[in-house]
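You will see chain A twice below: alongside chain B first, and alongside chain C after that.
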Partner chain A sequence: MKGQYFAGVDIGSTMTKVVIMDEATLASVIGPTGPEHRKLANRVMEEALGRAKLAFDEITYVVATGYGRINVPFADRQITEISCHARGIAHLLPEVRTVIDIGGQDSKGIKLRDGRAVDFVMNDKCAAGTGRFLEVAAESLGVSLEEMGRLSLEAENRVEISSTCTVFAAQEVVAKLSEGAALADIIAGLHEAIATRIYGMVRRLKIEREVALTGGGAKNIGLVKALEARLGFPALLPPEPLLTGAIGAALLGRDIVKEAEEKGEKLKISPRRLTEATLFT
Partner chain B sequence: MTEEKKPEEKKKRKTATEAAGKIGPMVKAALAENLRAKEEGKPIAYSFIYSGYDEIIRAMDIVPAWTENYAGICGVKRDAQRFLERAEGENFSRSLCTYALCGLGFDSWREELGEMPPDPPWGGQARPTVMLGSGQVICDPRYKWYQAAQHYMPDVPVYVGGLPYPPYEEDYDYREVQDYYVKYIVEELRGLVEFLEKHTNRKMDWERLSQVVDISDRTWNMISEAYDLRKAVPCPMGTGDAMNTMVPMTFMMGTQEGLDFFKDLYDELKRKIANREGIIPDEKYRLLWGGGLPSWFALTDFNYFNSKGAVFPAEVTYRLVEPVYNLDLPRVSDPLEHLAWRWVRYWTYRHDRARKRPGSTPDVERLIEYIEDYKIDGVVMHEAFSCRSWHPGLIWQLNQLKRVYRDIPSLVLESDIVDISSYNEADTRARIDAFIDTLEAVKSR
Partner chain C sequence: MIYVAGIDIGSAFSKSVIMAENKIIAHRVKPSGGNYKLTAEQVMEEALAEAKLTLKDIACTVATGYGAANVSFAQRTASDISCLARGVHYLYPDARTAIDIGGQFTRVLKLDGRGRAISFLLSEKCAAGSGRFLQVIARVLQIDLEDIGELSLRSKKRVDFSTGCAVFAESEAVSRIGEGAAKEDILAGLHRTLAAKIQAMVSRLGIEPGCAVVGGGAKDIGLVRSIEAGLDGRLLVPDEPQIVAALGAALLAGEKVSKGD
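This part shows the complex of A and B:
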């Protein structure tokens, strides 16, 4: 597959990720997902191509994934994030059997066999158990999301957050603050609450070691520790947890091209245009 | 006002069988019959499906009004929200069964106006003569719904029965206690007959009841034999259609019309199998609807599964019968006693099988039986948030299935039966897409 390049575009609810690969990752870009997915997908792709020093028509195959995958007009194929995460993790951490992905608006558990997803659970109904829960709490506490993880490790007397609803939990946080609870203790309580919800969902899969954590939540050390405490063993983290789906998408693109070449089939390729999409395209 | 809004109706779902296509007009006709009965002064009974009262109601020529079904119709027509909001305005909880919530909203509105609410789905639901509650154990709101409806119709009498059956325990045999259950059920049914005679001025014709019971026995057999034909590959009829054919199963039990419907369905499925005519031409995955009521407003999701190569040859939902000849019923002359035995034996049908598999239960045995008989690749369940009595046990069943049997791919959908605000089509279909990926991965291993 020498001289061939593959792009994976993962449009999540909060962040958009693009990876360009040949045998290894050549370039990756992470940017916030705005309301105009298609416009952003173009821009992030353009930036990734610049970093990889490639023209768009040099890309052999583009796979889009994530909840906004249908809004990538230049993708050759759309594949679910479950399959892309599975492929990405199988490549990055082949020993993993269970993936816990904590995204901005949903979280999911994926069971892997031979590098493919064979079962999954998903929470996309309720913000509790997703990155949004911590985001809302961080706003209430006046702390940046990035600081939350580190601060939680300073807790000495973790506060119990009993509300499972994100909105009510935010109110509870304010009440705890007014009662004089330490900031770090409250944040540790929040991490414990979200970890409990995620673990409760994923254990339906019969969790098997090794377990990998992916998505934005895996970049939060407080949440990672809280989940590891629930699991009872350490979890594995990919080098950049946000890119797992995009890497998987690029790799699946490579698999598709390889299979087509072996079978002598011609693949349908979308026009390699990065012009801004309009409602009529 | 939000109550006055009438949302756009969803397009008609494509069915695989001609039989399922007949159901819409059939339900419409039944509702029209209720309204006509009201005008003619015939007694109308608010009733719950599968309460065990069907044959008695039919034998006494009382017109049943299936209130859960009417809420389901409002859901299918995507016109339930205004009735749900009305009930909420009356301070009923949003977490109450949304069938009940929709029905109570409708009743309170009709009673306040003294006529049907504006533009009611399919003509509306007629005011009843009596209300027949049923505490049949799968559903607790069925004890209280009609009692709550009495707030708006204090002059309409309510009978609340509830036919019990021996619970499953690994270490005892239901046969030790079944006689007590039968006696209790017979008394409950006799009480119902007395109640109806008192409040509807109809006398029970016991000879007629025996005939109706015979028709319903034959209907149980006919349904079982017709549904067994769905074991064929390719499958000629899926769960989407079965969510239609539940109508004659549950609303017409004990009628010749119901029996004839399933004879026709049997013939149609036989024809399809002979012609190798499946739901879809290229059947890749065979799925079991493993539990939960459907989202009535989103039955097209079944067609979406079909578009991905997946079919549902079997479901546990609304398969409320077994072949009567397999139930080993004692010969009795009292039709009420026959109904009691049939009830107890139906609910204990898989007790013996479950006891042979440590950790299993009759519900899990039914899943295993269908998985094997229908060559199933994966299990789909639906957790409807407002159906508290049934859905909390689904995940447990799924876990037990995987523990005592095998690790089979599964998908749990989350929404509601009537409340469309709980549903997100894009998310639901993203889950279905991911599930299809896992089925593919498992099949290609």
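This part shows the complex of A and C:
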């Protein structure tokens, strides 16, 4: 497959990720998902091509995934994030049997066998147990989401957060602050609450080692530690947890092209254009 | 003349009711704020002033609600469920089901013919079934909570929400505004979402004819109509839906006085 390049575009609820690969990852871009998915998909793709020093028509196949995957006009195929995550992890950490993905607005557990998803659980109905829970709580506490992990490591006396609901938990942390609880202790309590919620969901899959953590939540050291305490063993992290789905999408694109070549089939390719389609040009 | 009082310190609002000879002679509603003890005193004093009475004239005060323990001048406390049941029965002797839409929780209760609760359900774990949901939405739409009801009735186009979660509904409302949806259509959609949660609670408990809706949420006419759409028959809505638990507390105070304990 020399001279072939594959792109994976993962439009998540919070972050948009693009990778360009040949045998290895050549370039990756991570940017926030705004209200205009299409424009954003075009922009991050353009940036990734620039970093890989490639023209768009040199890309053999483009796969889009994530919750905004239908808003990638230049994609050749859309594939669910479950399949892309499974493929990405099978490549990055082949020993993994269970993936816990903590995204901005959902969380999922995926069970893998021979590099394919065989079962999954997902919560996208309730903000508790997703990145959104921490985002709302961080806002109430006046700290940035990025600081949460590090701050929680300084906890000495973890505060119990009794609310499950994100709205009520946000009120509860403000009350705890006014009662004089230390910030680090409250944040540790929040991590414990979200870890309990996620673990409770993923446990339904019968967790098997090794376990990988992916998504934005895997970049939060406090949450990782809280989940590891629940699991009872250390989890594995990909080098960049946010890119797992995009890497899987690019690799699935490669698989599709390979299979088509073997069968002598011709694949349908979308026009390699990065301009937004408009009615009036 | 024997005077009794009921005080209900809720998570969002505090209410007081003063009664004489089984009739309401004064009542007050004010935001609970951060100091429940002070709010309890103020909401009582204001009602006393209206009735031209002092605390000494009150034979018995019963406190209820989330912050009942902060009412230092009350002789008794009572559960919000029994106060609600008593208050609803006083207003609507034939009512057998009551829905209380409060700031934090929604409660659904079944009552007997004597104003006692037989069974009840609480929406305690999730903001999606309570007035809190509307508070969150009012903030993002930049409208007053009081205006939500009337505004939503002007809805012409159906906007549906994919989520029941208050946090996700907030973001969904923001996206819908971005897409150009009208505020009234968004509100009507959110009312349907909230009403569905409340209807689910009602059907779990089993509705009986004669259903009253009380609490701050009952002041939202759009929400009341939305709940009605999924239930048989009209809902009974008091003129002052917020004071029903305080009224029930005052009635319990009256019973204590007449029993002589």
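Couple of notes before you dig in:
Methods note: the second predicted complex is superposed on the first by the 276 of 281 C-alpha atoms of A that agree within 3 Å, B and C clash if a C-alpha of one lies under 4 Å from a C-alpha of the other, contacts with A are read in each partner's own complex, and residues count from 1 in each chain.
We take it that contacts are C-beta pairs under 8 Å (C-beta built on N, C-alpha and C of every residue); 3 or more make two chains touch, one makes a residue touch a chain.
Just so it is clear, the structure is predicted and the values come from calculations on it, not from any experiment.
In the three-chain model built by superposing on chain A, chain B clashes with chain C.
Of the two partner chains, neither chain B nor chain C is touched by A:S140. When the two complexes are overlaid on their common chain A, residue A:T196 makes contact with neither chain B nor chain C. Counting the residues of chain A touched by each of chain B and chain C gives the higher count for B.
Of the two partner chains, chain C is the only one touched by A:R132; chain B is not. Touch criterion met: A:Y67 reaches chain B, while chain C stays clear of it.
Of the two partner chains placed by the overlay, only chain B lies in contact with A:F120; chain C stays clear of it.
By the touch criterion defined above, A:S83 lies against chain B but remains apart from chain C after alignment on the C-alpha atoms of chain A. In the superposition on chain A, A:K206 makes contact with chain B only, while chain C stays out of contact range.
Look at A:T25: by the touch rule set out above, it reaches neither chain B nor chain C.
Clashing C-alpha atoms with chain B appear in a single stretch of chain C, chosen from 75-83, 165-173 or 219-227: 219-227.
Chain A residues 125 lie at the interface with chain B in one structure and with chain C in the other. Residues of chain A touching chain B in their complex: 67, 79-83, 86, 113-114, 116-122, 124-125, 204, 206. Across the interface of their complex, chain A is touched by residues 395, 398-399, 402, 407, 409-410, 412, 414, 424, 426-427, 430-431, 433-435, 437-438, 441-442, 444-445 of chain B.
Across the complex, chain A is touched by residues 104, 125-128, 132, 136, 163-168, 171, 175, 178 of chain C. If you check the complex, the residues on chain A that touch chain C are 35, 105, 125-127, 132-133, 136, 164-168.
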